[in-house]
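In the part that follows, the structures are each spelled out as structure tokens.
First chain A sits with chain B, and in the next complex the same chain sits with chain C.
Right after this comes the complex of A and B.
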């Protein structure tokens, strides 16, 4: 009799706990689900719909294009991308190479230096945490003033000729922007990389040290394979990033980057960006074109990203810890 | 103990934080304002959003305090007495899209907005701007512009004259200049959004002009006097011909100074010069054809011959009449307005700008990315000190608000209002229609104020509008900001003395005939043709043939001066582009075929 009661009580407890677990799961997921529904599903649906509209300036709203012009925004995109704006793609590739092939490997090495507390790690930490903490707007202002007031001022004090206007001068602007892109790109995802490296088991590292592994070999043979899943995620856009890469153009130039540096990503952003200086310009007229462009780029990118993933899965060392 | 201490501090902070979150709401706040006026905490609040740019908002605070005092014993809501004006100054959140979102979602929305944007029919159609017609047309002012002796009628929700008081004779509309009175009125036809023959909203006023500031070259009058450069035949001894103008620039260069500076990043001040130039050259009516597309224009013989050379069949067009002297008269409409690209003022303007954008004349620092409009203002003012090898700058291209905006910098050069600056009117342009006109332009057309259509205090908002457009309130505005609004009011000698010399100069240009300068106030924003307003080809806020972006390519909407300084032949900057390429570029872009294509595409969407 007592056992029966106990069993019944246990069953009720179990059910209560299950219900509580369920409520917990639903509550925990609800926020993310709502977030996903609004900012992914709704945003994408709205963007797809907008690709088939034009903006009526009088009414201030988007109107679906007539049937015979329904693909006008897509036609405009292909005309742009195959026409003179092909340099935008090349510039996108340039900045993408800087961030993916130059900054990414170095950012891992820097994270390794900090993680291993090698000599100079304190300086790296301070130097590279700054751009991560301050944000691009502050860093870019700092960089511009250091160059245009600091370096330029010193130059003018001690040199005969005046310092060139390196941000607008076609001879120097690519270099100037590239230096900033590297400076800003080096930290990469420093916090994530440091976090994943700190999870590498100490036993493994000690074993490596006993085997006489150099630091470089430890980095290549232990650390990189161990953090490979994180690296893989960061590299998924390796072959598609040039479409939308903006480099640091907006941070440095706002809406007036020199033509010879502009990327397609920057071009599209400027098309929809309502700046203070263009307070009266209504960039909603460009939403249709930009939505169509994004849709096309998305369609082109999906198989490439899957291909990239497949490639990385092939070379994944499969290290687990 | 430590934990307890933390708990105590946190508990103590909760009411403090809760209380502070209500500050500014008026509810329960019994503090005093800066003039010692004591709030009861039971007032109706009126939130006024104001663009905190060059004008600041001290004028609003001052007028607001007076308003609070005058209506302290009037109830605008049940259970409340008096009113509290809560200014909401901001810059970033008053971008058009953010204002629209705030109103739409009714989050952080204000009751009234004084912005730096054009609102137009879009704000009516979307239900953002309230109908304020009664506030604008009701007579509430005496002949002297002050509010008549009136009292608040809560039932009618408006001011009514007290018994025996002098009847008011003027309204806000009566105080507006003609172009604004007509331009800001929305007719039945303009409000027929669904094109069914009847207006979707009541015809009337939904916004009012706020700023209407001049823009142009501002010269350092003290420097000019000191250097003896005011020895020409024009206004104030300034150059009166284009040749003399460039002679002056050469003299400034010879004195080892920089003729002018500006911020290359801010191109939207320059249309003031373009508008003034075209209006001065063509005459007001012919200039306005560029956005009304409705009227007659006669091209001179040379231009007519060029048109025939470019379009041999042009004489067969119905809209064109060949006159006995070989000139063409065209009935301009939406479908043939591309011909306005042939207006001689367009090529004359480009020639002037090409010459002006000579590297020896402009400040080379415009090529710096950090040289924004405030940097240009700072440098113009502080160049007097000659520090760090900085050459003295003689002129700057800016707007009427610049002096107030850079007020702090004058502390280093003798104090605010101690130096004299003036607007530089355009000299005579060879071939201009009326030989006597010398102009600057009212640049900030379409800078509006409006009442939020969702406000629950519409009557109070309308009362505020009437109060804020009284003679004394308008005077306060000018004395606080140095900027003169385009309404009928005037400052007496004593009040004028409180302005800086530059403020007095702009006041006299706008409100009197003393200076001999004509102000051209374009209606391009407030009264445009539909095709003009909707498409880049039509004009899209710029006059046909004055926007480098469309005619000569490029990926940013450049204004010609921006484009020309970037193609001025400075080493490392864009290559030099000659005037022929630029002038031909206008008519190469504005072709009959291009126009027809754009017009047909636009029409098919109507």
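Right after this comes the complex of A and C.
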């Protein structure tokens, strides 16, 4: 009898707890689910719908394009991306190659040397993290002042000819911006890289040391395979970055980057930024084109991302720890 | 411990030395850039033009610490209402933007990851959290900037510092995985003990589980603050009447006003002014930030 009562009490308790848990889950998640529905689902649908509209200056609103011109924004996107000798695409690829193919491997090597606690690792770790702390705006503008005023002034003091305008001169601007992009990109995601390396089992490293592995071989044969999943995630956007990469162009040039350096990501940003800053906020004439471009890039990205993933899965050493 | 010295057998090879030298050169350039910036910010324009890399010259005004006061005077932003916003107001906007938005950004992923990690087995529908997170992460679709601005206008949070807060209340942001790893690593036994004592799920979460992650929360909060402090594009587009320090200083760099307002030393002083608070914050939390994120950042 007592046992039965106890069981009944327990069952009631369990029911109450289950109900409490359910109420908790609903109350904890409701606001975030609604937020997602509005700011992801609705925003994306609205963006897709906007891709088929143009801004009617008389009505002051976006109206759906006529049937025969329904894909005009998409046509403009493909014309833009393939026109002018595909400059936008090539520039995007150029800056993306700098950050992904040049800086990424070095950022891993740098993280590895810090992780191996070579002399000065503490100060290197702090210094290399400083660009993140100070932000790209401060770093890029300081770089601009150093080059435009510091180096230029020094040059003018000791050289006979005057220092060229390296940020605008077509002969030097690519090099000047590239140096900054490399400089800013070298530390990479230092903390994430260090975090993933710190998980490599010590036994494995000690085994490698006993086998006489050099640091380079340890890096290539132990560390890289071990952190491969993280590397894979960092590389997934490897090819879609061609479209979206802006490089440091906005920070350095604002809306007047030289034509020969502009990327498509920068071009799209400026289209909207100019609409916002140059006129009243309703002057949204470029939104349709930008939305169409955004949608196209999203669609193009799907096979590219999956292709990249497939490629990385193929070469994944499959190390587990 | 083996392998610590740069010149021991294992490290005496091209690879570690080359990368070590690369790091040294990088740090040296970075240090010189900032040292030059600080030195320049303390000069008069004439002293700067006479010697752009030397110490401030006494005959041309000497050390001008008042350049930093000029920053307060000259860094200003014209807003759509037609008035000027000066540095103190920008500082208020920045603090609100960093402190409140930083908190909001962090709270969402913290709660959703907690619910998913601790309740997914009991309440199967909670798995939707993971599905949404995966969609957000792997579906390469995002609303265009134009559509986002139009949505902001439709919903009334465009150019509204306070309402714009809610846009950041996402439950599936960048720190979702970090927090998920942390919750996974925390034993549920503590919660069970509290439940035995009559605590409800919210009490368990707020008074038992959350306090155990306080350090990580502070570190992530500081990291968010640092990121928001330097962000100038979002406020520039969405909050045109509420310029932050970063926006003000960014726009000030293109100032062509006559006199000191367009001098290189004052412009550089403005950059240093916006950089110093975050540098100080980083130095205070340096050990915690680097240690915690290194250890916790990728688990899970």
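As a working rule, the second predicted complex is superposed on the first by the 260 of 321 C-alpha atoms of A that agree within 3 Å, B and C clash if a C-alpha of one lies under 4 Å from a C-alpha of the other, contacts with A are read in each partner's own complex, and residues count from 1 in each chain.
Operating definition for what follows: a contact is a pair of C-beta atoms (placed from the backbone, for glycine too) under 8 Å apart; a residue touches a chain by one contact, two chains touch by 3 or more.
Because the structure is a prediction, the values reported are computed rather than measured.
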item	value
Touched partner set for A:11, first chain B, second chain C, both or neither	neither
Comparison of chain B and chain C by chain A residues contacted	C
Touched partner set for A:175, first chain B, second chain C, both or neither	neither
Which superposed partner A:167 touches (first chain B, second chain C, both, neither)	first
Which of chain B and chain C A:145 touches, first, second, both or neither	both
Partner chain(s) touched by A:302 [first = chain B, second = chain C, both, neither]	second
Partner chain in contact with A:215 - chain B first, chain C second, else both or neither	second
Partner chain(s) touched by A:137 [first = chain B, second = chain C, both, neither]	second
Touched partner set for A:62, first chain B, second chain C, both or neither	second
Partner chain(s) touched by A:267 [first = chain B, second = chain C, both, neither]	first
Common interface positions of chain A, toward chain B and toward chain C	141, 145, 149, 153, 254, 276-277, 281
Contact set on chain C toward chain A in their complex	1-6, 10-11, 13-16, 19-20, 22-24, 26-27, 29-31, 33-34, 36-37, 40, 48-49, 51-53, 80, 108, 111-112, 114-115, 119, 122-123, 125-126, 128-129, 132, 135-136, 138, 140-151, 153, 155, 158-159, 166-167, 169-172, 195, 200-202, 205, 226-227, 229-233, 236-237, 240, 246, 249-250, 253-254, 264, 267-268, 271, 274-275, 278-279, 282, 286, 290, 293-299
Complex interface listing, chain A residues touching chain B	54, 56-61, 63, 65-66, 69, 141, 144-145, 148-149, 153, 156, 162, 164-165, 167-172, 252-256, 259, 262, 267, 270, 274, 276-282
Touch list for chain B against partner chain A, complex	91-92, 95-97, 116-118, 121-123, 125-126, 193, 264-268, 364, 367-370, 388-389, 446, 525, 530, 533-534, 541, 554-557, 566, 571-574, 604-605
Of chain A, residues touching chain C in the complex	17-18, 20-25, 27-29, 31-33, 35-36, 38-40, 42-44, 46-47, 50-51, 62, 106, 109-110, 112-114, 116-120, 123-138, 141-143, 145-146, 149-150, 152-154, 157, 183, 186-187, 191-192, 194-196, 198-199, 209, 214-216, 219, 230, 240, 250-251, 254, 268-269, 272-273, 275-277, 281, 284, 286-288, 290-291, 293-295, 297-298, 301-302, 305
